[in-house]
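My questions will all concern the structure given below.
Labels run A, B, C and D following the written order; every chain starts at residue 1.
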Amino acid sequence: MRYLTSGESHGPQLTVIIEGVPANLAITAEEINEEMFKRQGGYGRGRRMQIEKDAIDIVSGVRNGYTLGSPITLVVTNDDFTHWRKIMGAAPISEEEQENMKRVITKPRPGHADLVGGMKYNHRDLRNVLERSSARETAARVAVGAVSKILLKQLDIHSYSRVIEIGGVKDENEYDLETIKANVDTNDVRVINEDIAQQMRDKINEAKKAGDSVGGVVQTIVEGLPVGIGSYVQYDRKLDGRIAQGVVSINAFKGVSFGAGFTAASKPGSEIQDEILYDATTGYYRGSNNLGGFEGGMSNGMPIIVNGVMKPIPTLYKPLNSVDINSKESFKASIERSDSCAVPAASVVAENVVAFEIARAVLEEFQSNHMEQLSAQVEQQRQLNIEF
Amino acid sequence: MRYLTSGESHGPQLTVIIEGVPANLAITAEEINEEMFKRQGGYGRGRRMQIEKDAIDIVSGVRNGYTLGSPITLVVTNDDFTHWRKIMGAAPISEEEQENMKRVITKPRPGHADLVGGMKYNHRDLRNVLERSSARETAARVAVGAVSKILLKQLDIHSYSRVIEIGGVKDENEYDLETIKANVDTNDVRVINEDIAQQMRDKINEAKKAGDSVGGVVQTIVEGLPVGIGSYVQYDRKLDGRIAQGVVSINAFKGVSFGAGFTAASKPGSEIQDEILYDATTGYYRGSNNLGGFEGGMSNGMPIIVNGVMKPIPTLYKPLNSVDINSKESFKASIERSDSCAVPAASVVAENVVAFEIARAVLEEFQSNHMEQLSAQVEQQRQLNIEF
Amino acid sequence: MRYLTSGESHGPQLTVIIEGVPANLAITAEEINEEMFKRQGGYGRGRRMQIEKDAIDIVSGVRNGYTLGSPITLVVTNDDFTHWRKIMGAAPISEEEQENMKRVITKPRPGHADLVGGMKYNHRDLRNVLERSSARETAARVAVGAVSKILLKQLDIHSYSRVIEIGGVKDENEYDLETIKANVDTNDVRVINEDIAQQMRDKINEAKKAGDSVGGVVQTIVEGLPVGIGSYVQYDRKLDGRIAQGVVSINAFKGVSFGAGFTAASKPGSEIQDEILYDATTGYYRGSNNLGGFEGGMSNGMPIIVNGVMKPIPTLYKPLNSVDINSKESFKASIERSDSCAVPAASVVAENVVAFEIARAVLEEFQSNHMEQLSAQVEQQRQLNIEF
Amino acid sequence: MRYLTSGESHGPQLTVIIEGVPANLAITAEEINEEMFKRQGGYGRGRRMQIEKDAIDIVSGVRNGYTLGSPITLVVTNDDFTHWRKIMGAAPISEEEQENMKRVITKPRPGHADLVGGMKYNHRDLRNVLERSSARETAARVAVGAVSKILLKQLDIHSYSRVIEIGGVKDENEYDLETIKANVDTNDVRVINEDIAQQMRDKINEAKKAGDSVGGVVQTIVEGLPVGIGSYVQYDRKLDGRIAQGVVSINAFKGVSFGAGFTAASKPGSEIQDEILYDATTGYYRGSNNLGGFEGGMSNGMPIIVNGVMKPIPTLYKPLNSVDINSKESFKASIERSDSCAVPAASVVAENVVAFEIARAVLEEFQSNHMEQLSAQVEQQRQLNIEF
């Protein structure tokens, strides 16, 4: 399973081609769009998010509600493109038109790809960079993740995401999986405890008033993954490593950890390792889950726990110094949009990115031309945990 | 640039083939071995580390002190193999011999790959797993990193590694690069501040006495990397994502972060973004480096800052519950070795893993058949940061 | 540079995402479509080809006539899809509708993917296979090749394609490149010599009358490729090997050869090797080109010569035995379309497939973020052939 | 399953690391060496081949006769290296030593990688190229193929190779598989019919006397491969395409074809397509095998038939013009060795290269951590051909 995404923020469409999805998976645009809409919610978003409703169309790989085994193409049409046709269209324009346009961007924003992207691709109009480096691309990644989640669900593998920190306000309570499942989608900051949720909203409001922004930490939980996905035999086959790549490649993410994560640095080994236990009906399990579901880069049957940190959104009302690439003069960096916190949405993105990496690894592990085959093999793998 | 490593912990040798190193790079076994020996040092290691001296031989790809452009093969011979020939040799043995051997391991250690690896590869003698999943493989990765570091050094790109936390004792001081360079290799916990170093040694001793172990956080710094390595155009081309994969795939690492990392979750955006400044002689630079040298998944010319967390070593004198795979009965997990802290060594491994990912990305970015070509292009890229 | 294609033959659209094209390449839909239309021409095609006019739209990666460096998306909309919406749409349909449809295909055609594809993907309606395995996918590959050709042209690398055999009628004359360039696109069988062209048309007519079909051999020539693209250092980096993969993966292609190809088996070595000569203005060159432009898997500066063989189109009026997958009874295989010879079109496809592999290798060899950089480096490589 | 090879022709050793071989495969060095020795035989080889006996040692991945699932390392030690230590050793040498050596090669041989390799890697001593581009590397590829063949054999998939043309003498008879199996390894030109074999030997002798060389065509046959290996859904997943890459990447190979191959260009479609038949005990099969076992890039259950053409060995007693890279003066190309025909050996290499590609595809298709799992799934796939 692999994919490519494409599309500029104000271009005609986002497109994603997903290759390697098994045949005979029941799937609809509606189901995918449920996930798409989740990404667009969340407390602290600016007005643009409420206006645009990103919805995908399926234009290949699915027939009468079932996958064909051939590549799946999903398209998010940008209705707003009619207003941008001149500026963002593929067709050449006359020099005169170019002159008149006057929309050339020469002021890179701190914390964005603008400046380095301009240097790398030799673009003196930085719009040529920011249209692609925009976090709007995460919509395409959620689309891929949504397909992955639907696939995993049919294999009885389920994922959830929640926010555990915003702007320094942390939810350090431990919840059982049932509580998380029941509460996470109903809360606009994706936090289980309503008191903490309110503190987070307050923090967001405070940042907003100050023309500032806040970041946070999000957590993805995947339950039901059978043992033995990933491998220790070569460094690039470790599943946790691959997930780390996925999460860090999300716009604005600056770190990832598994299970106890960075707290493992301050605890004695005897409190970190997860004891091995056995039960005749469920097979092997661990007494705790500090390792976040991984041993030797392989799933160990416990829930996968992935934490990711998102820096505060770089675009602010409280502007920062930058340099105009033509004049080389300093200026105060401009504002493109007005979200002050995108952490709840980011938790949805991270979950979907993790879901893709897990689905990819599952499909590599098993014979996976079609769902009947795949389901049977996954079931057999579950037995392994009891019979071995 | 790509590589494969091979070798079992008590087998005849570790081997690594590195493909894609430019021709005409001056390189010697001695230089590589300097890095190999660094990995074997550090306060808190058990006796085995002092006995074995891992040194590589170059058996392909280098002629009379210069690389050929053809694949480089490095071998670490295991002198101890003579004692293990019967147990670990490739040749078939008689059933009787097998019977007599009685060395079958059926007791998986918590926090290791033993149990899941046994299930996955259908090994009822768990030695078949642990011989490969052993952290001894990190010697091979340091060998790859050493070649990478020698390459980078010739391009005036330098890396350093240090320890910033052990068992909860943190070094939160900020140092300039000169101080780090001058002090890091002379200290046996790889910590700059000697007072903190002593607190860390005390922490290690304390753990050792308690039959316990401690983990920590290590930091890699890479300076001199030109702007524009990596790309935002597709998720899997972001260089920070690739580094994340590399670091998390090191044995016992449970997380990775860049620059401000997880602390970015508690700070306002105005304190996290790095302002853009310009100076006619050095070109563009940032007023701070909270983003750890990355914007949009690309190097931005500031030092690369990568933090990795290592959990405490799983093997302890204070044993944990586990289950025998034959009897399914609980037992107290056995001890294989006696390190109580491997964090200083892990900082060397992490640095080398980061060096490989950076070297790989540099070689992808430029035409890199031979060093003359590569050096000239890297120099040109450095000019870009001034002239753009 | 990499790509994924998607789309079913009667689905809403073909889509292709091409990743890794340098920024600042001048490109228009019209130029790409010129190549698309070439594929649809050629003597011996059935009526469907004349009706459908495959034209692409650019929906990402290009702005105001220039590439951005971000992924390029090309779409071929299938106007006919309105008539197929029920049968081929992605939306689920009711069981009743399914019942009424009665279009289930259970009769696999010999020489097609139908039967094996059905088994592999567990499709008992073989339409689920043939919609994707159809040679219509070659339209997407031509679109990719067209982008590649435009890129190569700007680097002064040019490709041509011609037919050298149809149904046993061969054009064994040697032509200089100028003659090939001047004549190939004006002839409806893409043959230089008009007498031979007429014999080929006769052969096609003869086959058509007999309800049969004919195959042939096509040749791609690429001139201007600098020396040293590809490498001998590892088996999978040889450029001729990669081109071989590309050509054999075209529908109905059963072989590929370079330069003298299979005739090299019957000639003495002294007649096959190409002598090395030197001239102060052009540098090194070869006295002949039996090796088709490759030495050690690398371009040697001579024109690249790639031959590919296409089997006769499997669908015929003269039906063959096959077996119904439900009844397991024998039947005479059905007819889906009526081309009797697709060799001229196949020569266009092969040229485009070769162009992609060459462009990919060129982009890997050089620093290729944008055209200015790439052009300068290619020019420098050309000097190498004189100065070395 | 993937691999990297390394080693220079006169360096200390050839090394190969093979990653992804399932655990619990019974394997010995002796079995691998049987294949290694086959490559060294054949009528028409020079004296060097008889002296060197390439034998591998297994230095990782195998324990007590069974694979571990971890990477397998095979080493071919070059006993002759003691005489080459000064010239080919990795250690730096003094400038004086360098002066004295006087072995710098500045005369590129036509038909070799020498000249282009020198340009690409900036080597003015062409030994730095030819040591790696040498056909000696095929020994490493046979080692990989030997492991692949042992794996395939346990899955009841068997491969054979034979010569069908040398220097224009062809064996165009059709043989059943039993005849091929019985005769191919006993004949020193690997030809079934002894009369034709003698004509080939005569041809080789004739070439030898004339100081010339001859090439030929070799054929690999793989029987027992289950249906559905490879896929039509994306161009780079077609198994025939991958095999084509493998074969063309063998030194001196200039083409590859499948089944009827290039003869498909001269036959009517009705004679080329293979009719589909069904039998309750064997399931689906084809009435002929012109497509060489492939439909839509997937195995169709019929024997895989791959033909490859090898050009005559470029090194001859009858020298050709070339140019000294220092003086730029013409000279008559030197002789490095004296084989006049390597086609029988090349048939062994080709078979092993094909075996690797098939094994790789089989391991991708099925869950293949260990042999018990893999065997069961392959068996199930065989049933599919009956039950579908």
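Here is the rule we go by: contacts are C-beta pairs under 8 Å (C-beta built on N, C-alpha and C of every residue); 3 or more make two chains touch, one makes a residue touch a chain.
Note that the structure is predicted; figures quoted are calculated from it, not measured.
Colleague: Tell me which has more C-beta contacts between its two chains, A-C or A-D.
Modeller: A-C
Colleague: Matching B-D on over half of contact pairs, by residue number: which of B-C, A-C or A-B?
Modeller: A-C
Colleague: Taking each chain's centre as the mean position of its Cα atoms, how many Å separate subunit C from subunit D?
Modeller: 27
Colleague: Could you please state the distance in Å, as a whole number, between where the Cα atoms of subunit A are centred and where those of subunit C are centred?
Modeller: 37
Colleague: Please report how many Å separate the Cα centroid of subunit A from that of subunit D, as a whole number.
Modeller: The computed centroid separation for subunit A versus subunit D comes out at 44 Å.
Colleague: Send over the residues of subunit B in touch with two or more other chains.
Modeller: 4-5, 19, 69-71, 120, 132, 228, 231, 233-234, 369
Colleague: Subunit B touches which residues of subunit C in the complex?
Modeller: 19, 69-71, 228, 231, 233-234, 365-367, 369, 377
Colleague: Give every residue of subunit D touching subunit C within the complex, in rising order.
Modeller: Subunit D residues touching subunit C: 4-5, 108, 110-113, 115-120, 129, 132-133, 137, 141, 165-168, 207, 210, 212-217, 227-228, 231-236, 238, 240-249, 251, 254-262, 264-270, 272-278, 280, 284, 286-287, 290-292, 295-301, 307, 309-314, 316, 318, 320-323, 325, 328, 330, 333, 384-385, 388.
Colleague: For the complex, give me every residue of subunit A touching subunit C.
Modeller: Going through subunit A, the ones touching subunit C are 2-8, 11-15, 17, 19, 23-24, 26, 28-29, 57-65, 68-73, 88-93, 98, 120-123, 128, 131-132, 369-370, 372-373.
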